[in-house]
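The two complexes that follow have subunit A in common; it is paired with subunit B in the first and with subunit C in the second.
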Partner chain A sequence: MIERTPIFNAVTYAIMLGGLLVVLLPVWMAFTAATQTVEAVNRIPFSFALGDELLTNLGAAWQRGDFGTKLANSFILATGVTLGKVMIAALSAFSIVYFNYRLRTIFFWVIFVTLMLPLEVRIVPTYAIAANALAPLQAILDVTGISALIAVLSGVQVSLQWNLLNSYVGLILPLVATATGTFLYRQFFMTVPDELAEAAKMDGAGAFRFFVEILMPLSRTNMLALATIMFVYAWNQYLWPLLVTTDRGTYGTAIIALKQMVPNPYGGLPDWNVAMAAALIVMLPPVVVVALMQRWFVRGLIATEK
Partner chain B sequence: MSSISIRNVRKAYGKREVVHGVDLEFADGAFVVILGPSGCGKSTLLRMIAGLEEITAGEIRIGDKVVNRLEPRERGCAMVFQNYALYPHMSVAGNIGYALRVAGVPKAERERRVAEVARVVGLENYLSRRPGELSGGQRQRVAMGRAIVREPKVFLFDEPLSNLDAKLRVQMRAEIRRLHKRLAATSVFVTHDQVEAMTLADTLVVMNGGRVEQVGAPAEVYHRPRTRFVGAFIGAPAMNFIDGTMAADSFTFDGRRVAVEWPFARAHAGRPVALGVRPEQVELVAADSPGALPATVDFVEELGAGRVVYTDIDGLPFAVTLSEETDLAPGERVGLKLLPQSLHFFDGETGLRLGLAESVETSRAAVAAA
Partner chain C sequence: MEKRAVFRAGSLAYLLILPQLLLVFVFFYWPTGAALYWAFTLEMPWGGGNQWVGLENFSAVLNDAKYWSSVAASCVFAFAATALALAQALVLALFVDRQLRGSKSFRSFYVWPYAVAAPAVSLAFRFIFAPETGLVAFVNQWWPGLWNPSINGAQAMTLVVLCFAWKWIGYNFIFLLAALQSIPRALTEASAMDGAGPLRRMLDIQLPLLTPTFFFLLVINLTESFVGADSFGIVDILTEGGPANATNLLVYKIYSDGFKGLDYSGAAAQSIILMLLVMVLTFIQFRWVERRVHYK
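On to the complex of A and B.
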């Protein structure tokens, strides 16, 4: 329902401005805090006056958080998750929409169920698998008696090991395996007229060719929208990176580093100015990505290209 | 170039059968039009020829090869879809040349052939445009170009003109005709538009409810509809039907009597029969003329070149076309004089044309002799 009356418009704008304020106020507060000295930032009440310590604080935060390494790690994580997600989502949706095989409905529901099981819910089994990615295979071999058979025949005790802890693969893979993107693609693929696939068939293009040369270019806006969402989602991950990396110096992410910079209440004066400067640093990459992509992002979510 | 042979072909979706055993033979280079109401299975039949639908039972041959198990690309057919199905992200040249690209034709030759086809369909100045920047007629031409470029043995058209406005439709019809003359590939054209069907077809196939009702030249189908359905479906305004009973020398209905000169009347005497009369084969005469059916004028439709007078014979609607001007007013009483040699008789139960076994010439001759 779209109404256009002056009063209605005014109310809409008021709500929008209110929302904007709610979103921007903390950001502005972080920014002001990051410009102040440690004494100024601890003064009560909080003053929104800008100080001139921004560069000093940023420098201190960069040093202490080791953000050179951490931002790079976060970037690898977020890019990996984004690429993996976009590819898996497109392929799985392609399979669900365009192929008619007997297990299709089952796969569809399995994927659908993962929507209800985000990483936080299945974190313990996921961790177990990350600790040894081949554990399920080992279990199958043990249960079916194949490993016992091999042990008897060759004397070799089968014990498969593939540890993903403290690795980029371990960081990335579990975050890739969810269904959100599959559904976005599925919705888009269902709006693509069947005749397009049939025309491609008549032109001699096989399934893979149709996928790469026709479906993928057509879903460009969807892909960019999904990539944007996934990048921000992966960038902001905290729990999983915390669990899977023990060697934080090498594999820690920017978000973990940021969390460690939150001053604890038992020291001297809490240096919120440096913490806020760190927050600004960590916030910047996703903001840049969203700013660059927002044109596509909005289009991909609300409409499909003709 | 190839003949097409369809033998006892059936199609079922799940348990529901939608094509019930179709037998057709299309000669090499023929222009075949499949005509029928919406949902009668014409697209399904066409798509089975193309290889886009599996054939539940029966056999389809293109040339002398059974194609039941062949992929679409192996059948040598090109198809033009109703909504064109152009690739929106490719230019006109990209669309036309896609099949060649897939087939691995070298770039230089591809460009040459695309340019040539573009000239044939009149798109040489639009090669770099996207489909979104073209008019409906131009998109239609791209779709045709895409089909032509592969030099297929068989062209399949699924209602390709139904998204165009009336004027463009006439124009594209002529172009398709011209193209067919030039390429001489066997063409199968599906439509629900009888004018399109009559004007394009060498061979007309009329389908209804998943069955073939009649196959023949357009004029033959028009003049000698094999079933009541075909009679009703072809011709505008539609054929008038009167349900009644046959007698030795007349047809009676509702206590009225129409004298007929029909050599087979005696053979069918006493049976329920539907009498079919085309609106253009009726004369309007004075209400009290001897032998005329009295009727009341309902309204008159002015068509410019002619006019249709809608009358009713005591509740039974009956249309008459006139070529001359008329000042008939609603409510006026008129007489309908049915031309005896232009009556069609259909079995009251099966709807099949009666006297089918005998040729037109015999019955005409008999009428003339009588």
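On to the complex of A and C.
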């Protein structure tokens, strides 16, 4: 369709440029500040001229935030959540879609409901669970009288204890326990033609073989999308790592290290240049991942939420 | 909906779904149940166990003026942030969808706030809008004390809202653009032939067809701003709920009551109230998603 609308086109470009300014400004300003000296960054009005202190500031931020350890932890967290999600969600969606058993609808809803309540809302009890992940089992044993039975029979008092605080498992598992991925796979499995499974069955392939050799290769695009979404989600987690890691030196993630980067207002010139360098370090990895995976991730994001 | 060619259900089916069910049970259902239990009981001091107190925790929360000021702050925040985030994304999506030369390169920039961590962008906003340095500090030079979000509650709220709205441009943009692109070209071409210019087509064709997506995003944005992770991170880095509780959002208050005040029962009661709110919002969303117009 060809239209001549020169004025409206100019308006369009103006608005798109305005949008670009809004979207770029915080990041561009962080970058500019990260290249300047402490004196330059505190000058009023703020100057957008680039300084040559970028490496110094990055180095200072790296050291103050201990980003060597923190970034490694963030990577462990993000990859752990991504891998766990991509695998567990595929398995459970496969079970729900391709097997016919009475509980499947119930299981489906049991998993589905978890979409409704984000971690932030049930943060206090989830923290209590992380302090002892075996508490539910203990309670079940107590209520059913099994632990009393064991105490009578063997004289051993059952007290199960599995502390997840300050561990990678504690960081990762609660973030895997949601339904997002299961849904993405389910929606996709529903669109796979039934004839494929029939043909596989006729050729003598079992359920597991069909899953590994036919269904998984077909879902490659969905897996990439889910992996991107989960990586960004896990990397950007703030509240949960803040609570679970009391031993920040060993298990702290890069995101929670940002808080201590806020300059102290009473300690001379605030060194925002170092703080901005830290912000850049932390925001880079997920931005790179999204930029590389943009095509798949946009499709996947839209499929998960609808 | 049902698949025709299903495999025979054996123990394998249960084995496959077991990991997910275990995780969901331990980290979702059990904590949610614990929250309910705590909300209706009070922990006795010196390990005396929990005593059933009925609705007392709720009435304590609901009779607390601080709670209501937090509710008010949350509402202001949620509606302002949602409105701003959606409005920006809507305008950008409508104009990018005109597909002029170069639109594609603009598009990839508009997506990226989605990937940026909320605490990181909050740190940048804290610098940009700091009263003594940064971009806005010059107003304090010709009118000292005009801008200071660490003292002025309304300004602190503005700052928090701006930060959330920035962060959510990307997400909203992705969905709105996808919805715009699924509008059949025949529709726009037909109205162009009838003499409608691009602006008229936006208002009369594209906007009405966007309503389902728009309502979907409205609910998602509201839920996220009430209970989402980003709200917590933004408040914690930018204001810590201050000044004078002006930005003490509900999701932040649960954290500070529960972990700093160690009032588990009070925090649990607040959690239950928020859960109800999210359920209502989700219910509304389902009504809308069900009624979604399919224009494929």
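We take it that the second predicted complex is superposed on the first by the 273 of 306 C-alpha atoms of A that agree within 3 Å, B and C clash if a C-alpha of one lies under 4 Å from a C-alpha of the other, contacts with A are read in each partner's own complex, and residues count from 1 in each chain.
Methods note: a residue touches a chain if its C-beta (ideal position, glycine included) is under 8 Å from a C-beta of that chain, and two chains touch if they have at least 3 such contacts.
In this text, all values refer to a predicted model and were calculated from it rather than measured experimentally.
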{"item": "Three-chain arrangement built on subunit A, subunit B and subunit C clash or fit", "value": "fit"}
{"item": "Partner chain in contact with A:A128 - subunit B first, subunit C second, else both or neither", "value": "second"}
{"item": "Touched partner set for A:A207, first subunit B, second subunit C, both or neither", "value": "second"}
{"item": "Subunit B versus subunit C as contact partner of A:E198, first or second or both or neither", "value": "both"}
{"item": "Which of subunit B and subunit C A:W109 touches, first, second, both or neither", "value": "neither"}
{"item": "Touched partner set for A:P217, first subunit B, second subunit C, both or neither", "value": "first"}
{"item": "Chain touching more of subunit A, residue-wise (subunit B, subunit C)", "value": "C"}
{"item": "Nearest-approach distance, in Å, of subunit C Cα atoms to those of subunit B in the combined model", "value": "6"}
{"item": "Subunit B and subunit C contact sites that coincide on subunit A, given as residue numbers", "value": "195, 198, 201, 305-306"}
{"item": "Subunit A residues touching subunit B - in the complex, by the definition given at the top", "value": "193, 195-196, 198-205, 209, 214, 217-218, 305-306"}
{"item": "Touch list for subunit C against partner subunit A, complex", "value": "1, 3-9, 12-14, 16-17, 19-21, 23-32, 34-35, 38, 88, 91-92, 95-96, 98, 100, 102-103, 106, 108-121, 123-128, 130, 132-135, 137-138, 141, 166, 169-171, 174-175, 178, 185, 188-189, 192, 197-199, 216, 220, 223, 227-229, 232-233, 236-237, 251, 254-255, 258-259, 264, 267-268, 271, 274-275, 278-279, 282, 289, 292"}
{"item": "Contacting residues of subunit A [partner subunit C, same complex]", "value": "1, 3, 5, 8-9, 12-13, 15-16, 19-20, 22-27, 29-30, 33, 41-42, 44-46, 88-89, 91-92, 94-101, 104, 107, 110-111, 114-129, 133, 135-136, 173-174, 176-179, 182, 189-190, 194-195, 197-198, 201, 206-208, 210, 232, 235-239, 243, 255-256, 258-259, 261-262, 270, 272, 275-276, 278-279, 282-283, 286-287, 289-291, 294, 298, 301-302, 305-306"}
{"item": "In the complex, subunit B residues that touch subunit A", "value": "50-52, 71-73, 77-79, 81-83, 85-89, 98-99, 102-103, 132, 146, 150"}
